[in-house]
Structure formats: structure tokens, C-alpha cells
Amino acid sequence: MKKVFIFLLILFFLFLPKISSEYWTFIAIEVLIMGFFAMSFNLLMGYSGLLSFGHAGFFGVGAYTTAILLQHGFNSLFLILLIAIIVSLICSVVIGYLSVRQDEIYFAMITLGFGMMLYTIAHNWTDFTGGSDGLPLMNEPILNLFGKKISLISPENLYFFTFVIVFIGILILWKIINSPFGLILKGMRENKNRLNFSGGNISSIRLFAFTISGTLSGVAGFLFCLFSSMATPDFLHWSFSAKPVIMSILGGAWNFYGPMVGAAIFFALEQFIKMYTDNWMIFLGILLIPITILFPKGVLGTIYDYAKKRYNSKS
Amino acid sequence: MEGFVLNLLNGLSWGMLLFLISVGLTTVFGVMGILNFAHGSFYMLGAYFCLEIMKYFNSFWIGLIVAPLFVAILGFIIEKTLLNKIYARDVIFQLLLTFAILLILDDSVRFIWGPGYHVINPPDILSGSVKVFTHSYPVYRFFLIILGPVVAVILWGFFHFTKAGKIIRAVASDREMAEGVGLNAPLVFSLVFAFGCWLAGLGGALASPIESVAPSMGEKIIIESFIVVVIGGMGSFPGAFIGALILGLVESFGTNLIGEIQMAIPYLVLAIILLVKPTGLFGKKIA
Amino acid sequence: MTTQKKDTILKVDNIHHSYGKFKVLNGISLEVKRGGITALIGPNGAGKTTFYNVISGKFPPTRGKIYFNNIDITGFPPHKIVKLKLLRSFQITNIFPELTVEENILIPLILKRGKCYSFFKDLKKYKEFYIEAENIMNNLGLIEFKNRTVSELAYGDKRLVEIGITFASDPEMILLDEPTAGMNPAETERTVNLIKDLSEKSNVTFFITEHDMNVVFSVSEYIFVLHQGSLLAQGTPEEIKNNQEVKEAYLGGSV
């Protein structure tokens, strides 16, 4: 039943650009990228119990690596992706190493600090990053697939490219949470002390989780750079780091697909509200208040729990 | 020499403002365990309220006294209606809720006063400038440099010699103990939060003559005061003072020494201090 | 078996510990023999839990040495001490609350087998882990709760899960801090029998603290008495029962 559902969902995503307008294809791309970003982030928040408030930093590092390489005439997208992965991996290891000994709010603070450090670098190192204006893509990104050249300027092509990369990324996350390491992460979320007294090295486990999460966020940034045809310092700002947090909470951090669903809800709301007013932030704030107060497990998580209780009491 | 003195003065005056903001943030964190993302927005509101009050009374001094009170009242209401619902909950929800408050306050200000800059003139008595070597230096900044330590001493006296201050300090240094003696009465929390907001509002009103009053002013200062609070040790009063001074001075001297990475300096300071002392300069070991 | 029992598994040499100015442990030296059940008793505030915290690496002693199997483990972090097979369970129920009983037991098994950093292989493919977990759950009488979330279990069963987690790490020695604290008489009896049973079936050395003297005298073969951070007496249950100093310490301390 579940497999059929997932199969149908994949089918739907495959044919989406054929049945929808270009406008909605663009929104679908954004949802896929941001949802994937939120899912990578949620490996830390939902599965490991660590709230990083600097994940936009890694996202931005992926985006800037892509923009800079494209500007300097690199034309193999796969090579660029590989380099983006390596660069965000290095950043994650270094920042992770400095952060993982902290707990809870302290962890959130220090990751926020390092994320903003990356932001200021992007913002101030004008020669290299274009400063506050950002770095537009000068060259058309072209995918070279078995000798066939596919331009990613076309929304449909970009959609499929994004879909494939995100699909692989989600598969990796899925593998990880179902591996022994995945259970260890949940154990750390539940009771890190007990894990430590069962032989788990907390700092090292956290560093691995942080690195995986940060690197995949960099991949999301790579895609986002292609999508928006530029990289700007905004991608690294701490208010951008709040997005995956909000999406995860909206969709439910304890559910694997929750953050992706949260991203879809987020963009649907944004589109809807922006039809009427420019003050989207006020509405987001007003919306967040009942969510944080009334839905301790996120919107989907709470509904899911409620349904489960109903089901259990019936049977 | 001249450059040195000017940097010193700039660093001190900015440090004193940072201190006012950070001490509120750190007190609220110490007592309630909540890190308030919206703290910078209360700072911004202090400036805007001051601006608004000056329209009616045309006196900076009245604005300086009344604006922080309004900010405190707003803080009190927010604590009573929203924050008190999530003390028992995960850090994530606390941060998100204060973030939501930030979004609402910042966008409301943009809606009411517009996105542009406003300028507030310092009162006549403080509006001139003094010759420092060949440069003229605004009197108002001297006022801040003097005011900072005065406020610090008053706060220190409040925390050490009054009953209310002692309670706050006791709760801030050991929340569990405070809960044990029954100090987690809702009113203490509301008042402490209002007090933190009052300090933020005071900082905002004081900053209004030297900073341009704009919706983004809160966002700028909140990150820096986060850094102050973390490097000083979260919940620590002397930590906030020393941390603010360090950050103010390092930033001010950094402008000359290193051009491009100047804005990254606060974060480098943060990284270095946390590497050497993970709990901050005056922080206690986390159990 | 008798010759083996004379061999020392844990040796504590003159350890001190203080919280700030407050001294909790004042130079305790003792040796625990391999096998069987040894008890550590003492009135409230004698320093039992602190003693366990120091041995298990939660914090290092301010002075003194700890040897486990003749290895100096003073100042080792907890996860390293666990690798040497010295395990502890906790006075406050210390489990992974929102995971199932099976998952609770699987976690120490994964760590023990060094599969913590296995990122991509499906956990379900490690059949041997599930078999071992099944065994442990059978031994503890937890098998019927296998797929239940631990936070939903009754208090006594949670404590058993806690012991199960400790046991799954394949210990040579287990420090059990107040295993029957807060249990009703039925649960206490079940737990006591279980510990006896585990001790007989395995080669694990149990070192327990316990406030219930009936439990202590019925299960343990050797007893240490702590009082005000120092070792007051040691001996067989018979000797301790008749020790005048111990009686006074208990009367003076708790009544």
C-alpha cells in the first residue's frame, strides 16, 4: 500500500511539468530544493535532536561554489556538483568540529554564529563573491549527458535535473536513517547520556551527522543556484536558516517526509498570501504562533498521532 | 595616536550600547532559559517609540524615559499571552516562537512607519562636538560612554543590594534551585521578561540619535548581542559587560587593521573564545 | 570457580571527590572480587551515587586511582570505560523513551559490535543483532513488549529495559544503582530474582547499591558499607548484620 502510494507520487512528480504551467513548474522546483534542504537539516533536528541555526551557511557555500565555478568557465555540471560537495563537506567538518561539543541552545547559538561568519564573507569579499549584489550566472548551465547537451535554462529540463538529484539525495538520507547509524542517531536524540554510557562517542557521532547534513545542504544550494541563476548573500543569512526549521516543524520533524511536505505547505501559503498582501512576514509570524504553541510535534506529526490514537482505540 | 583614541571612543560607545542590549538578553536567558530572538526588535521598538513620543512632546528626554516603559509593557503582555505557554517545551519551539514575534514586530514597524530611515537629533545640550586632537567628536557619544558604566553600576547595585535583584540573580545562576524554593512564580518570569524588554527599549532610545532608525536596526544588533552573551557566558552579568566591551573594541579597531574581513571579526572572536573556553568567559560548566 | 573468585576485577585506591568545597568521597579504597553479587550500602548521602559516577567516568576523582582488570581507568571518558566492559545502570530510569524495547536493546548491540558508523547497510540485514536482542528480551521477560514504545511501559518494566541495555553491552561487570528503587513488592521480588538468575547464568560481576536491606542480605555475597564518604566496614552479610558501627551509622543517619 505504502509502496504503491510512493510509486504514484513519483509518477506524479515525473509528469508534473507536462501537465502544469511554467509558473507552477518553477514553484515545484523550489519546493523540491527547499524540501530537500529541510530534509537534510532535519537529519540533525528531528533525528539527532540538534538544532542548527546556521545551515543556510552550507546551503550558501554550495550555491557560491556553483556560481563561482560557472563564472570561471567550468562547464561540466557534474564536476561542479562534485566540487560543491567537497567544499561544503570541508566547511561542515570544520564548523561541526568546533560546534558538536555544545548542547541545545548553545549549539544553536554557535552554529548561528558560524553561519553568519560565512554570510559576512559572502557579503564582504566583493572581488570574489560580488558582495551584496550577489553573483549572477553569466554562463548558461549546460548538462552534458552522454554527449547530449541539455540546457538547464529550460524550466522543464531544470525540473528533471533537480528531480533526479533530489531523488538520489533523499535515497541517501533514507538509507542512513534505516542503517545502524540511523538508530544510533535516534538514541542520541532520546538520551545522549545513556548512549554515552552504552559506549557511544557523542562528539564523533554528532560530527558525522553534522557533516552529512551540511554536505547535503550544500547540494541543495548547488541546485538553488541553478534555479535562481545566481548566488546572493541572502542564501546564507540566519533568517534563511530559519526556513528549514519552519518547514520541518510545519510538516513534522519526526516524519521522514515531513520537511518536504512542510516545504510544500510553506510555498503554497506564501503564494496564497502574496496574492493579497506584501506583508507575508507578518502572516508567517502569526501563523507560527499557534503552530509552536498547539502542535508540539509539528502539524503532520500531531495529526498523525491523533489518527494513530483513534485507530488504536478502535481496534 | 589620534586614530587610536578615536577607535577607542567608538569602540567604547558601541560597546556600551551592546552591553545594554546584552544584559537584558542574558538576564532573560538566565532566569527563564529562553533565548529571545525578538530582543533586537524590542530594541528597535525603543527607538521608534522614542521617535513617536518626540512628535508630541519634542523632548528627547521624555522619549528616553517613556519609550522603554511602553516596550516593557508590550513585553509583559507578550510574556503573559504567548511565552508562558512554552517554558516546558523543546528549545526549538521557544526559538521559533520568539522568531515569530520578531517577524511580526519587524514587519509591523515597516507597515506603520515605512521602510525608510528616520533621524532623531540629540537634545541640544548633547548635540555639539568636542575637539579630539584635530577631529571633532560628537558629545552624544561621550554621553553614551559615561552613561554605560553608570547604568552598569546601577544595575549591579540593583542585582546585589535589592531583594528583587537578588532573587533574579539566584534564579539566573541556578534555575533548579530557584524552582526548588518556589521562585518560578509566573509573575517573576513576566517581570523579568518585561525588565529585559525595558533594557532593550532603553538601548534603542539611547541609540536613536547615533544610529539611523530603521526596521533593520534590530536584526543587526541581535546577532551581535547573541555573540556578546555567548562569549561572556550565557546568563552572566559581568560576562555581558566584558563581552560587550571586547566586541565593541575589537570591531572598532578591526576597521583599520583589516579591511575586507572586518565584518567577520565578531565571529572569529566567538570561535576563538569558544575554542579556548566552551562555556564562555564567565560561564558555568554545563551539567 | 573458587580460585577464580579470588581474582580482583575492580580496585579502587584512595579516591577522593568534592563538589567545590563540599567533600563527598574521602579516600575510599576497596577491591571487588570477580563473579557473584557484591553490594555497596550506606545511609542517604553517604556518597554511593557519586562513587558510581566516579568509577563509570561521569567525572574523574579529584584524587586517587581506579583499576579495572588491572587497567588504570582513572579519568577515562564513559564510552572508553564501556569498551573495557565495565557498565553501569542508573538510579533514575535512563532509557531511550520514544523508541521501542527492541530498539533500546539494539542500540548497545550496534555500539558493541562497532557498527555505529555503518551508514548505508540496512539495519534489518544485521540478523545476528535481532537474534541477540531477542535472547536478552527473553531473559528479562520483556519479549511480549518487543515492539512497544518504552515510555508506555509500567515503571518496573522500564527498569528492566534499563538493565537490558546495560546487559546488552556484554559487560564483565555491572554497576547497578538502586535497581529496585521505587518498585512495589512484586516488582522488587521479580527484579531480585532476575538479578540472581542473571548472575548465575552469566559470568558477570554485579556491584549493586540498594536501600532495601532485605534485598541486600538475600542477594549479595559480600558487602561494603559507606558512611559520610568513607568506607565504614566490609564483610559477608553475616558480619555486616552484626557489626555495631554499621548499626549506629544507620540509626544515627536515618532516624
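Note that the chains are named A, B and C in the order they appear, and that numbering of residues resets to 1 at the start of each chain.
One rule holds for everything that comes next: a contact is a pair of C-beta atoms (placed from the backbone, for glycine too) under 8 Å apart; a residue touches a chain by one contact, two chains touch by 3 or more.
Since the model is a prediction, treat every value here as computed from it, not as a measurement.
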Touching chain A and also chain B, the following chains: none
Innermost chain, taking as reference the mean of every protein Cα atom displayed: A
Whole-Å separation of chain centres (CA-atom averages), chain A against chain B: 32
For chain B paired with chain C, centre-to-centre distance based on mean C-alpha positions, whole Å: 49
Centre-to-centre distance between chain C and chain A (centres being mean Cα positions), rounded to whole Å: 43
Residue numbers of chain C (touch at least two other chains): none
Chain C residues touching chain A - in the complex, by the definition given at the top: 56, 77-79, 82-83, 87-88, 90, 94-99, 103, 106-108, 110-112, 115-124, 126, 165-166, 168-169
Chain B residues within the chain A interface of the complex: 29, 33, 35, 82, 85-86, 89-93, 95-97, 99-104, 106-108, 110-111, 219, 223, 226-227, 229-230, 234, 260-264, 267-268, 270-271, 274-275, 278, 286
Residue ranges of chain A in contact with chain B within the complex: 45, 51, 53, 98, 101-106, 108-110, 112-114, 116-117, 120-121, 123-126, 238-239, 242, 245-246, 249, 253, 279, 281-282, 284-289, 291-293, 296
Complex interface listing, chain A residues touching chain C: 172, 175-176, 178-184, 186-187, 190-191, 193-202, 205, 208, 212
